[in-house]
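There are two complexes below, and they share chain A, which is joined by chain B in the first and by chain C in the second.
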Partner chain A sequence: MKTTANIAFRNLSRQKKRSFLLGGAIAFGVMIVTLINGFAGAFSANVSENFSHLLAGHVFISGAEKNGDKELSVIRDDAALSAAVRQAGIAPKYLTRRSEFSGTLIFEGKKIRTNVAGVELATEDYLRERLVLKEGSWDNAADPRALILSEKIAERLNVEVGDRLLVQMQTVNGQNNVGEFRLAGISYDAGIFGQLLSYAGLEYVNELLGLKSGEYQTMGIMLDSLKSAEPSADKLYAGLSASVSMFARGERDESGAQTPFQALMREQNKEDWEGVRYRLFTINELLSQIEQIVAALDTAAGVILVVLFIIIMVGIANTFSMVMFERIREIGTMRAMGVQRSGVRQMFLFEALFLAIGGAVAGIAAALLVMGGLSLINFGMDSPAFLILKNGHLSFYLPPLRAMGNIAIIALLTLLAVARPAGAAARLEPAVALRTQK
Partner chain B sequence: MKRFTIIALLALVAAGAAFAQDVNKILKDLDELGDFDNQDFSAVYTIVSQKPGEKDSVSSVQLFRRDKKKQFTMIVLLPEVNKGQGYLREADNVWFYDPTSRKFSFSSIKENIQDSEARNSDLTLRGFAVDYESSGVREGTIGSIPVWIIDLKAKTNDVSYERLVLHVAKRQTMLLKEEAYSVSGRLMRTTVYGKPVKLGDKQLPSQIIIMDELNPGERSQLTMTQQSLSAIPDRVFTKAYLEQVSK
Partner chain C sequence: MGIVELTDVKKTYLLGKVEVPAVKGVTFCIEKGDFISIAGPSGSGKTTILNMVGLVDQPSDGEVYIDGKPTSKLKDAELTRLRHETLGFIFQSFNLIPVLNVWENIEFPLLLGRTRVSKAEKDEWIDHLIEEVGLADWRKHKPNELSGGQRQRVAIARALATRPQIVLADEPTANLDSATGEQIIELMKRINRELQTTFIFSTHDAKIVDIADHIIRLKDGLITENLRRGENAEGSCSPAQGAAKPALATEA
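== the complex of A and B ==
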C-alpha cells in the first residue's frame, strides 16, 4: 500500500504542469466555496453585533403596564430590574435606559419620519463611543432639547447644527404632541438602519411621550460579547421571575415564520392580564430570521461546490483516461512483474486523492489569504454595508468542521471521477498492455 | 361691608356655575346636532388636498354611519388606484381593508383619510361634552358673526387632542371653527366648518377646511354631497360587504 502511494505521489510530481492545472482547478473551486462559507459564518454574528450596538444591548428588558384595554410601554421603577442584573452576576459592560418614539421631523416645509431614541446623553458613554459626529459636538448635547441626526436625515431636511426643528408624534396614550428640538450634532451614517434612528435627551423624550422623569421604556444590557447573550438572558430571566411578573420568553419557531420576539408579542396579546409586567428578549431573538439568510448562503455555497466539481470531475475523468493510455506499457510492465489489479486501481485512486487533498488544502489556504487581505480593507463606519461589517472591516469565520466537510466532499467526488479510468487500467491484461503501440 | 363682599362673591360663583351650565349645554347641543342617534346617515365626501410644491390631490369616500351602534363603513371611491379600500368601525374597533392583499388590518379612528389632513374621526360622531370640559369661555367674532370662544381641556387622555378651542355661533348653535392643540400646547390644526345642511332636526357642515398649522400651506377641503338619512342595510356594516364592494 505504502509503495503504491509512493508511486502515485511520484507519478503526480513527474507531470508537474498537469498536476498543477488539475490541482489548481480544484483549489479555485474550493477557494470560492470557502470564501462564501467564511462570509456566511461571520454574517450572522456581525449583523447581530452591529444591531446590538444600534439598539444598545445584547439583552433587553421592557416594561408594560395594562389597565383595562389600555396598555403602556413603561418602566416606572427599575430597582428590582437593577437588583436582578446584579444578582445574576452577568457583569454588563454597559446598562442603557432608553425611551423611543416614531415621529415626523419638520423643518422649513420639509418633513421626514424617523425614530427618536431618548438616551441619557450626558452620561451614556456608550453612545459617545459608538456615534461619530461629523458636525457639532457632544458639548451641545447638554441642551435638554438636543437632537442628534444622521447626515442623510440632516441633508434631506436641510438642517444645520443649531437649527430648531419640530417633531410631531404621539404620547404613550396616543395623544398628538409636538416638540421642539435643537440640532446638537450630525453623525456619520451607520448604514441604512442608522438613518432610521435619531437621538435626543431622555428627559425631553419622556416629557413628549407623557412619561415622568426617571421613567423609561427599555433597559439595554450590553455584555462582553454576543456569545454571552443567551446564557446571561437565561440567568437574568430566572432572577427576574422570582421578583417581578414576567411574560414567558418567546419560543423559537422552527419554520422561521416568526422570530421568538414576535412569538413573545403574539402570546402576550392573547393573554388576559392586568398590572405591570416585563418582557425579556435578546438580540438573537429579535434577529433570528438572519439565520435563514445564513442557511441560504450556505446552501448556495453547497450548490456552487457541487456544480463546480461536476465540471472539474469531467476534466479529471478525461485527464485520467489519457493518463491511462500514456502509461499503458508501464501498467503492462507492472502487471507482468506481479502487481495485482487492485494495486493498479489503488495507484490511480491515490493519485486522485493526493490531487484532491492538495488542491483543497491549497484552495482553503488561498481563501484564508484572500479573507485576510479583504479584512484589511477599512470600509469605514459610514459604509452602506455597515451592518455586515465588523468595525468597518469585512470579517470571515470558517467553521473547521465545514472546511473538513468540503475537503471530504471534494475527495469523494474526485475518487468517483477517477473510478472509471482506474477500473479500466486495472482490467488491462499485461500482454495486451505491453504490445499496445501508442 | 363684609356681608356685601360675601354676597358679591356668592353672586359671582352662581354666575360662574350658571355659565358653566350654559357651556355644557352648548357642547351637548353641538354633539346632538351631528348625532344621528335613531337613524342611519350616508354621504359622499370629496377631499381636495393641497401641499406646497405638489399637485392638488383629489380623493372621495362613501360614508355610512349608524351612530346608535357606534358603527361606520367608509369606502374609498377615488383615487382610482385606491378604489375599494375601506374602513369598518364596530364600537371601539376599526379595521382597514386592502382589496389588493384582500386582508383586513387593525386601524384607528385617528387615522388620516388617504393622504389628506382629514381623519376618520372628523366624519364620525363627536363627543365634546363627554370627552372635554370647559376651561374658559369668552366672546368674539368670526367676520361679523358673534361667537362663543370655548376653551376645552380633555377629561381623559383617550382623545387625540389635549386642548380644543371651539368657535360656536351665538345666534344659532353651530360650530364654525375648531383649533386643536398638542399636549405641549402647540396649535396643530385649524378646522373651519361652512355651508351647514339641515337633515331632519340635525345639521352638518357640507364644507370643511382643515389646515395643518405645523406645515403651513398644507390643507384639505372636504365637500359633502349625496347626504341621506335613508335606512342602510345591516350588511353594509360587515367585513363581507367591504370585500364584496371592492370586487
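== the complex of A and C ==
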C-alpha cells in the first residue's frame, strides 16, 4: 500500500498543469464554502453580542405584579433583586435598569410608532460605544427629556436636534398619557434591527409610564461574554428561585410561539397567580431566530458545496478516465509484475485522495487568508451592517470540526468520482492493457 | 517435466463478431535454464504464446503448466501471485514506471507480494543487479533521462529482481540499434548461464535465434519447427509433451 501511495503521489506531479487545475477547482469550491461557514460561524455571535449591548445585557430579569385580572410590568424592589443577583454566584460586568413603552411620536403633524427605551443615559457606557451619533452629542443626553432617534425615524419625522416632539402612549395601568421629548441626538441607522428602538432618560420614561423614581421594568445583566449567558442564566435562576418568586423558564413549544421568549410569555399568561413575580430570559432566547438565519446560511453553504462539487467531480471523473487510458500500458506492466487488481484501484484512489486533500487544504488556507484580509477592513461602528460586525470589523469563525468535515466531504466525493475509472483500471486484463496502442 | 509446458493450447480473439484464431493448438515443453527463442513472422502468434506462458492471457483451450502446475483454473489473484513469484518480464518498449528512478524501478517488484526480505539484503541485491547491468552511475536517474539501451538494461534488472525462474522477453531488441541489441543479448545470455534463469524470447532478431539453445518457429499459429541444439539437445521433457515430436504433431 505504501508503494502504491508513493507512486500515486508522484503521479500527481507528472501532469503538473492538470493536477494544478483540478486541485485549483477543488480549492476554489472549498474556499467559497469555508468563507460562508466562517461568516455564519461569527454571524450569530456578533449579532447577539451587538444586541446584548443595545439591550444592555446577556441575561434579563423582568418583573410582573398581579392583582386580580390586572398585571403590571414593574420591578419595585431593586435592592432585594440586586441582592438576590449578587448572591446567585455569577459575576456580572454591570447591571442595567430599563423601562420601555411603545408609543407614537408626533412632530409637526407627522407621526410614527416606535418603542422608546428608558435608559440611564449618563451611565450606560456600552450603549454609548455601540450607538454612534450622526448628529447631536451625548452631552445633550443630560437633559431629563432627552431623546435619541435612529436616522430613519428622524428622517421620516423630519426632525432635527433640539426639536421638541410629542409622544402618545399608555401608562402601565393602561391610561393614555402624553409627554414631550427634546431631540438630543440622531444615531446612525443600525440596520433593520436598529430602527426598532429609540432611547430616552429612564426617569422621564418612568414618569410617563406611571412608575416611581427608582422603579423600572427590566434588569439587564451584562456578562464577560455571550458564551456564559446560558450557564449564568441557569445559575441565576436557581439562585433567584430561592429568594423570590419566579416564572418557569420557557422552552419553544408547539403552541405556535416562534421563540422561547414568546413561549415563556404564553405559558405565564395561562398561569393563575397573584403578587410579584420575576421572569428570566437570555439574549439567545430573545434572538433565537438568529439561529434560524445561521442554519439557513449553513444549509446554503452545504447546497453550494454539493452543487459545486458535483460539477467538479464530473470533471475529475472524466479526467481520471483519460488518465486511465494514458497509463494503460503502465497498468498492464504493473499487473504483469504482480500488482493485484486492488493495488491498481488503490493507486488511482490514493491519487484522487491526495488531490482532494491538497485542494481542500489549499482552499481552507486561501479562505483563511481572505478572512484575514476582510477582517482588517474597518467598516466603522456607524456602518448600516454594524449589527453583524465585531467592533466595526467583519469577523469570521470557522469551527475546526466544520473545516475537517468539509475536507472529509470533498475527499469522499472525489473518491466516489474516481471509483468508476479506478474500477475500470483494476478490471483491465493485463494482456489487453499491454497490447493497447495509445 | 519441464519448467513450462503447453499442451494443445489454442487462443481465439473475438474481433467484433468475428472469431480470429491466433494460436491454433501448440504443444511444447521448456526446460529449466533454457535460452529459448520463439521465432516467426508478424501475426504468427509469438506474443500470444508469450502472454499465455506469462499468465497475462488465458488460452481458449488447452493447458499451460508452470513448474508442473496447471494454471487454467487459477483465479486472477493466484495468477498474479504466481507471476510475481515465478516470472519476470522484459518488454519491447521497456515499460519502465516513469515516476520512479532506476533504483526504484528495480526495487518495485520486491515491494509487491507477500515475501519480505530485510532492507539490507534487498538493497544489496538491487545494487548487485545495477552493477550487473552496468548502470551504477545512473541509479538516481528517471527513465526519460536514459537511452534506449540503458532503459532495457533497467528492465532486465527489474525482471530479475525477484529471482524468477523464468524471464519472458517480448522482442527485447526491436527498439534498439544493432550494437546495443547485441550487448543486451550478451547480457541476458550471461545471466542465463550464471543464474540458470530460463529466458524465453519472442523475436525477429536472427542474432537471438542464432545463440538460442532451443528454437520454436511459428507460422499462422502453428509450430513449424521445435529444435534443440548444443548442450541441451537431448533435453529431459517427456517426449509425449516435449521437444521434437509434438512439433511434428502440430504440423500435421
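To be clear about the criterion, the second predicted complex is superposed on the first by the 432 of 438 C-alpha atoms of A that agree within 3 Å, B and C clash if a C-alpha of one lies under 4 Å from a C-alpha of the other, contacts with A are read in each partner's own complex, and residues count from 1 in each chain.
Note that a residue touches a chain if its C-beta (ideal position, glycine included) is under 8 Å from a C-beta of that chain, and two chains touch if they have at least 3 such contacts.
Note that the structure is predicted; figures quoted are calculated from it, not measured.
A.B. asks: Determine, for the superposed arrangement built on chain A, whether chain B and chain C clash or fit.
C.D. replies: fit
A.B. asks: Can you pull out the angle centred on chain A between the C-alpha centres of chain B and chain C, to the nearest 10°?
C.D. replies: Result: 150 degrees at the vertex chain A.
A.B. asks: For A:P400 in the superposed arrangement: first (chain B), second (chain C), both or neither?
C.D. replies: A:P400 sits against neither chain B nor chain C.
A.B. asks: Once chain A of both complexes is superposed, is A:V339 in touch with chain B (first), chain C (second), both, or neither?
C.D. replies: The answer is second: A:V339 touches chain C but not chain B.
A.B. asks: Have a look at where A:N173 lands relative to chain B and chain C in the superposition and call it first, second, both or neither.
C.D. replies: first
A.B. asks: Please name the chain, chain B or chain C, that touches the greater number of residues in chain A.
C.D. replies: Chain A has more residues touched by C than by the other partner.
A.B. asks: Touching A:G68, do we find chain B (first), chain C (second), both, or neither?
C.D. replies: After superposition on chain A, A:G68 lies in contact with neither partner.
A.B. asks: Is A:N11 touching anything from chain B or chain C once the two structures are fitted on A? First, second, both or neither.
C.D. replies: After superposition on chain A, A:N11 lies in contact with chain C alone.
A.B. asks: Just to confirm the geometry: in the superposition, how small does the C-alpha gap between chain B and chain C get, in angstrom?
C.D. replies: 72
A.B. asks: What residues of chain A sit close enough to touch chain C in their complex?
C.D. replies: Going by the criterion above, the answer is residues 2-3, 7, 10-11, 13-14, 329-330, 332-341, 343, 429-431, 434-435.
A.B. asks: State the interface residues of chain C toward chain A in the complex, per the touch definition above.
C.D. replies: Residues 47, 51, 54, 56-57, 76-77, 80-81, 83-85, 87, 89, 91, 93, 95, 97-100, 108-109, 111-113, 158, 162 of chain C touch chain A in their complex.
A.B. asks: Quick check on the complex: what are the chain A residues that touch chain B?
C.D. replies: Those residues of chain A that touch chain B are 69-70, 106, 109, 111, 166, 168, 171, 173-179, 208, 210.
A.B. asks: Where on chain B is chain A touching in the complex?
C.D. replies: Going through chain B, the ones touching chain A are 52-53, 92, 108, 110, 154, 157-162, 180, 182-184, 186, 188, 214-217.
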